[in-house]
Structure formats: C-alpha cells, structure tokens
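Listed next: structures, encoded as structure tokens.
Each of the two complexes below includes subunit A, the first together with subunit B, the second together with subunit C.
Let's turn to the complex of A and B:
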C-alpha cells in the first residue's frame, strides 16, 4: 500500500500534532508531555477525571474521544504499543479536578502494567485512581475466562457512559461502578478481511489469504476463532450477530445500542450493508434497537474488516448515552 | 577473588545497548513470527537513547544501569518499557552502594532485577517470555556464588544459562502477552523477549569479565 509518510518513526508525533491543530477548540497537548492529549475543558474543579490511553493506529480512538462530557485526557502510545506509565500518570494529573480519576482502558499486557505503575505514581502524588478494564471482545477468551478478554470498540460506550456520569457530578466510586456496568453490558466481535502493516516494520503483521476471512480477529490482528471462506455480507453479519448474542443471552424486549466500526480500510458503504442486516437480525431476535452508530470509530491502521458491538441498556445507561458530548471522534 | 569496580564501569551499559541495536532487525524478525514485529524497533530506540545520554560521561555501573532503566520506563512504553525498565532500575539499586562487585553481589543484583520484572509482570517460567532466559541466569549465578566458583566461571555459566533458557522457548507455547492468542501456533519459534534478555545478560557478563580486577 502507498502511504502518506515522512519518517515512519515520527508518525505518532505528527499524528498527534495534526490532531490537536485540527481540533484546537476541543483538545490541546499537555504542556509537559507531547504524548498526552487533554480536553480544553479539563480539569474541572470537583469533577472526577476520566482518562484512557492505548497504542496509536486506532484513530479516532483513543485521542478522538477526548472532549466535553467525555474523556478528559488520553495517554498516547507508539503504534499498537502501550503508552508509558509516565504518560498515563501525566494524563491522570491533567484530568485531576480534586475528586479522583478513573482510568478506563483495554485489557492489554502493556496497558495493564503501565496503568498499574501510573496508579502508584498518582497515589504518591495524592490522587486517588480507580480503574475499569474493558473486556468486551467475545472471541479473545472463553466465557468462563472473561477477565482475560480484550477491550475493543465497546470501550467507546464505556468512555461515553463514564464521561457523562462524571460530568453529572457523581463520585469517583459511582463513576467507576457505572463505567464497569457499561462495559459489562457490551459484547463485541471483529471480522478481518485483510491485514495491516506497521510502517516501520514494512510488511503485514499477519496474513489473511485471498478468499478467506478471520472471524473473531483482534484489534492488532490477533487470531480469532476461525479462518473461514469469505461469504456474502449478510452471512457475515448473521455470524457476527450470532457470536455476540450467543455470549450475551439477552431477554426479548431488551433495549440495545449497536456500534458497527470499520477497521480502517473498509468503505463506509459496506459498513451500512453489514448494518442493514445486523439491525434486521437484532430486531428479529426481539431486541429493541435504541441507538446505532455506524462508521470508523475504532480502527486498526488499514486493516480491512469490521467490528460489531452490542450494548444492553438499562434506563441509566441509555440516559447517559444520550448526554450531549463534544469530541472529535463522534 | 576477582571483583569489578562499580565506579567507572558504566561503559558496560553502552556495550549492552550496542548489542541490542546490532540485533534490531533480528529481534523484530523473531517477534514478527508470533508477535507484531516491533520488538527490535522499540528496544533499539530505548537502548540507543540511553546510550546517547551516557556518551562521554564517566559513570558507575549502577548509575548507567539506572539511567537505562529510567529511559525505558519513562519513554518506551509497551510491555518491554516497564519490564526492562524495572529490571534495570532494581539491578542498579542493588549495587548503588557497592564499591566492588563480586560473585555474590552479581547474583544478588540479578535477583533484584528479576524481582523488578516480577513487580510489574504476571508471567511465570515456562510462559514463553523473557523470564525463561532470566530466571535460569539468576539461579545459575546464585548457585555459582553458593559453590564459591570464581567470577569468570560464574559469568560464563550465567551467560550460558540465559542462552539455554532462550533456546528452550522454541518448544514452549506462549501463555501470556500477544503471542498467547496463537496457542499451539506459537510453538517452534524463539520468544523475542527471551532472546533480547539473553543478549542483555550475555553482554553484561562479557562486559564484567573484561573489566575484572585480579
């Protein structure tokens, strides 16, 4: 693939610089750390700070969800690589309004270590930090080992709900509990049709043969549950809905929010093709589609493919999803 | 008994960095088979940055190890930043007050480095990680100290234990980190972390061996 690139080693810095320039009304760079993006509204005195972070290459995640009533500060890592403990810590400091900080992040080895260390640094600085680890990716571990599952696009719902809850003036424990409830209500699955390449490495970081698809693929190309022959979109949509809802086990009448995200190189129109069938299947199962999002919300460089996230709503979660936000990602 | 003077031995860290930078492409290639192929890139970035900061400065081994650990910890990220960062910071702390380093001190500094890794990571021996090279190295150094082996012999045995440990990762199934998603498919390939760890232990042992007072 041909790329817009200068020196591959500078991609992340250049991305972040361009991003804060383009969205200056919503976000700024932390003055002491060019790998921390902060909402122009943060910190808010007396409000619980909301932080996330992760590797780059997933844009608009993670930086795009920085903004008003959303995430206050984001730690930025190298492509597909966790931010440093220092960046997580600086993000915690930047979002701290004196009421404590929640870090809402995905379940990846590097993030787990760096957040844990940042939490210790913050404790030394007198900031109370609670965490929620997202684990919505159904295919990444069996149901009885849910704690091992990765966080994927369900994190967007976790941030949206957590950010809105914090904005309502809730306490640190309440924000943590509500963000936990949000991610517990989410299940996701990904389907990959073609791999992606880290520009500094220069060759695809996994293989998908022509005519095949990887069902259950992760956000960095982690292998899924099965490599299958490529099928018509409707059959893929059916399989995605089946995988997600078999794990979710929702009673008829449950109101749900659905998010279909492209993985980077799938055209938007194909996402709508998928969504059309997904929505019909969800309704056919007696669920009520309360809210839908279709677009590139959480990508993996130029991977071809899509993810489906279904979140079961209760009154509180639905109300928090409806809270108005201002951030570059939505 | 042969010993190493702590003061003035900081150049060992630059030698370790040079070995990592030399193996940048090799480490990325191994990592690419079961990981995402950036191990060499990230390691070389961190180690060369630390070497640049140490260049032209007369430092003790403890100071240089700490400087390396701080760079990895605060600037590299990923999993390797905190794991190796803590390893070097704790290794440095174990010898910061030592004027000289003998076999026993060498074993205890490696043990401290291992404790640093274990304070942030959750892996065990056999999970196909850097620990599969580091733990046998630590245990071999401790055994050498207990048996009263001389320092050069202990250094050679420690280096070999790390290499043997690295080689055994070929037959292991990854239990943790990104490669663990591959299950059985992770067999037959060296672990990139164990490989970089054996290079580091080897370069440290060689650097000490070349500077022993007799």
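Let's turn to the complex of A and C:
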C-alpha cells in the first residue's frame, strides 16, 4: 500500500489536526471534542445553526465545507463510518445561536441513527433541531423509492444553499425547507474505474477488474447498477448524463448547476475532458448551464472515478448559490 | 489503464476546452490559438502582462492560475511537454497592455528554448519581455548549481507574487525583480510513492517498486536523490522538511509560507496528515508559519506523492501573497 500513513488508527485525528492547523483562520476544533470542527465565525447569535457530518476519507467533504455562509460545525467519523451521536450532538451545541439548528446529512444507516439520537439529546438541552436527509444518488434505489437513495455530492449544493439561507436570517423552518428544496433538485451518479483501500485493511474492499467500470458506484464502493466494459470518456459522460437526466426529467430551458467531482485519484485534466462532453450534452437537451464546479469536491480516498451532480435551479436556489462563502472546500 | 480518455491525441484540446467552458467567467481561449488561455480581464492597458506556460497534466497548473491579479495568459503544451514558441508568443501578445510582459516559467530545456524564441518574436513586434526562471526543486541539482535546478510548485508563489505586483501598477523591471525575489525565496522537494502513465504510452514511464519511495522526484518522474524504503508519514514529512530547510538555511523567527501539494492520486486527507507533521517541524525550528496551502495545486497526472514548498517571506512578499485573487486554481 503506497500511502502516507502512520498508525492507521491515528489517521482521522491527524487529518483533522492538520486540517485545523492549515485553515486556522476559518475553522477551529471544538474544545470538548476533537471530532468536531467548528467555523471560527460560529455560533452566531440569532442565526440558525447549520451542521453536517459523515465519515472521513471524503475530503474536502465534510470538514472542508465549514466556514462563513456555509456549515457552522461538522461531526467527523472514522474513515467511511458515521460520526457518533455525541459528535453530532456536540456539533449541534457548537453551532447553536439560539434560533435552532438544521442537520443536513446523507442517507446512511449509521448517520440516520446517530443524528436521531443527537436530536433527542439536543431537545433535552432545549435546542430545536430539524433535519434534511440527502438522497441524490439515483443509482442506489429506484425512482419510486427515493427515500432509500444514498446522499452523495449533491450534499455540497445542499450545504451551500442551506448555509446561505441561514446567513440571510431565515427561520429554522425556512432553512430546513430551502435545504430540502435544494437536495430535491439534485440528482447524482458515480462511475468507478479503480477501487480504494482503507489503510487499516491494507487491500481494496471491493474490486473493479482492469478493462471494466462500475456504473452507479457509491462513495464507499457500494455496487452500482452495472459493471460494463471501460469506454471512451465521451461515452461515459453520455451515460452519466443520461442516467441523471432520465431520472430528473427537466423541461427545456431549465437553468441548472453542475458539479463534476473526482473520487480521489482521477487526474484533474480528465475531469475537464468529462466535463466538456457533459456540458455539451446538457446544453443539447435544451438546459441552461448557469454554474459549474469541476474538481475534487467529494472524494473516496484514492478511488479512480467521478461523480456528476445536476441541480435544477429556481430563482432562490440560484441566488443562494451565488452568495459568497469562505471555506476550505471551495 | 483505468482512465477517462478518448483519443489520447485529443486530451489536451479536450482538457482546455472543458476548462474554459467550466470557468468562462475567469478565462477564455485566445481567438487565434487554442493552446493559449487568457484571463477575461486581460489585457489591461498600462499594466505589465504576466505570462506562464508549461506542459499539460499538472492541472490546476498551469492554466488554473489564470485570472484577476494572477497570470494574464498561459501557453499550453502537450502532456508533460513544453508549449511551442508560437504559443508563448501568442500568450505574450494576449497579455500585452503596452507596459511590457514578464514570462514566469520553470527551468526545463524545452521551455527555456521556446520562451527565448518567443521573446525574440515579441521584440520584433515591439513588446519588451523579461523572464524569470523558477528553480526551486532542491533535489534536481546541488546548491552551488542552482541554475540547473528545475522549477516545481514554488512557481505558484512566483505567479501569485508576480501577478499581484503587476496589478499594483509596478513597472516591468519591478515586476520581474519581485517575481525573481519570490522564487529565490522558495525551496521545494517532492516524494513519489507510485508512478503515472501518459495515456498515449499506456504504461508508466518510470517505476517505483511497492514498499519503496523516490525522494526528490521531479514533476514528470525525473529520478530523485534516493530510492528508500517507504516510511511512516511522519518520517517522510521530517525528511522533506530536512531537505528543504538544510538547503534554505533560514534564521529563527523567519516568517514562511508553506505549500503542500498532492501529485494527483494522493488521498486528500493524507496531505493533511503530512502537513500536520510538517507544520510542527517547521515551528520546532523556530520559523513562523504565516500562511499555508494544502491541496492538489500542482499535480503530475495520477502520480501518488506530494511536494513541499517553503517560501521565506519579507514584508513585501507577505503583503503580495495576501492580495485577493480570482482564478480557478485557488
């Protein structure tokens, strides 16, 4: 395993410590919990607090989206594992400005359970918590079972919209409703070309044979909808657009935001090769590309692959995406 | 080869096209040369033009540093190959606001030759061009042969300082002198854990055996100073700091900027693991960490590895680093 690792048990602590040290003008550690990263601007009196959390190994997600007009506090889990209920609770406490807190997170069993427990703890402490569960990954369940779908890179749009809405002085219910609208407007798909390795395990926990690709792969290597022969980049891009837009069903003229994220080990220039074709295909369907993000925004250690997220915009969502943010992830 | 590629001959065109499409608010293609990327703000009448250029495959370098208060125009080469003299010349023309142009580039044979030819072409067209050649890679030649050293990620500091100085209204000689001061203040080292593959070749053009690492590796896999057993991250970090600071020889109390860049396929969290130890070591030597950058700033396709750059700051360099920029790379 050719990696920069000390004791695998220490990776998350070292990652978070290095992260907070590198971005000290934007983030700090919670004094009582080294698995909670807090914006240096938080809490803001009278503002709705915005919290997320998830497993490590997806950097810059989740910690990189902590900052001004973004997420106020992030609960940090082990590699590819949910944060504890206590960490979610401590993040809620750290972001609480007295106007309630929204937890905007992804649809995974551990996160669902631990957020629910944290919500109960917060209620006892007198903090009202509302939640939004991201489920933008179209390949993880059929369209009529959207509540079973996982959350992936669409979460970044959910955080950006939710963070901007909270910064505008909106109420707890308004922030929750707008973040819900944001993730409802997102559809994502992932394609994997080579697996990743958890250092404590020392070998890939799933396989992608050379010459093959996994279409619809999840952020932890969850199986996709099809293992296919590896195709030229343009054909992969076409397939990603087709999967996302067949599910999304947007009328011509719809303004959209697009995010193409590498999964960790994809050369950056190849993300632009993919994006070039994706953008052309989206425009060919009569949609209007209002905003694009191309880069490593939500990774899976050193997986080779990419995700595409398309968000349908209305006036409010587009305006909130345009609000300036300061966070390490953008 | 598990990669997102169409015809390998088209990669650079597709990369540049996707890049310009994704960042149209910041960059455009030169109308006469699809291998020249120009800031949408350039040229600025009366401002010194700032140009760079280099091979593709290092994204976000070089094109990603085009923008406001940064580089005005970038000449784009094939993967790991110098841009042509014509492309450097067209970049010079595109950035010319009538006050002369600096070309801030890295010390490689092809770039040296082609920049020199472009400089002659520009002189005929009545544009004065001065150059700064980056040579921050300490492992590429001994200290008393600094003119033989290659340029690596220190170029990013050179561009940021040079771009900010030019934006301040400084003269051509002043911009050149300040960019020269910036790169003179930089020392870098790279460590490679796994090689990269040019898609047209289809297999790695150099080898790093499992269990080994190449200390002092160049941005194209140029051999380093030693092949060693792969060590824990902290020991690698210590060795990187030692190599850089033994060469740099900075008095205690010196304020420094640090850049830790992944080479393409290094998990983002491991860059923070490295950075955490690097920062501690730098502080232990009595230096003051004024500014840090951790991420994929200057890559080598999907090489596994990282570079460390340390820049010694004076008041002017620190102030210029703080000037706000708008470019896709930051």
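Keep in mind that, in the parts below, the second predicted complex is superposed on the first by the 329 of 330 C-alpha atoms of A that agree within 3 Å, B and C clash if a C-alpha of one lies under 4 Å from a C-alpha of the other, contacts with A are read in each partner's own complex, and residues count from 1 in each chain.
Going forward, contacts are C-beta pairs under 8 Å (C-beta built on N, C-alpha and C of every residue); 3 or more make two chains touch, one makes a residue touch a chain.
None of the values given here were measured: they were computed from a predicted structure.
Set against each other, subunit B and subunit C differ in how many residues of subunit A they touch, and the higher count belongs to C.
Of the two partner chains placed by superposition, A:185 touches none, neither subunit B nor subunit C. Of the two partner chains placed by the overlay, neither subunit B nor subunit C lies in contact with A:94. Look at A:198: by the touch rule set out above, it reaches subunit B but stays clear of subunit C.
Within the superposed three-chain model, A:220 lies in touch with subunit B and out of touch with subunit C [touch as defined at top]. Once the two complexes are laid over each other on the shared chain, residue contacts for A:5 go to subunit C alone; subunit B is not touched. On subunit A, the surface touched by subunit B in one complex and the surface touched by subunit C in the other have no residue in common. On the subunit A side of its complex with subunit B, the touching residues are 9, 55, 77-87, 109-110, 112-114, 116-117, 140, 198, 200-201, 203, 205, 218, 220-223. Contact residues on subunit B toward subunit A in their complex (touch as defined above): 28, 32, 36-38, 41-42, 45, 73-83, 120-122, 176-178, 181-182, 185.
Here subunit C touches subunit A in the complex through residues 2-7, 11-12, 14-19, 21-23, 56-57, 59-60, 193-194, 196, 208, 210, 213, 230, 232-234, 236, 264-277, 279, 292-294, 296, 299, 301-302, 304, 306, going by the rule given at the top.
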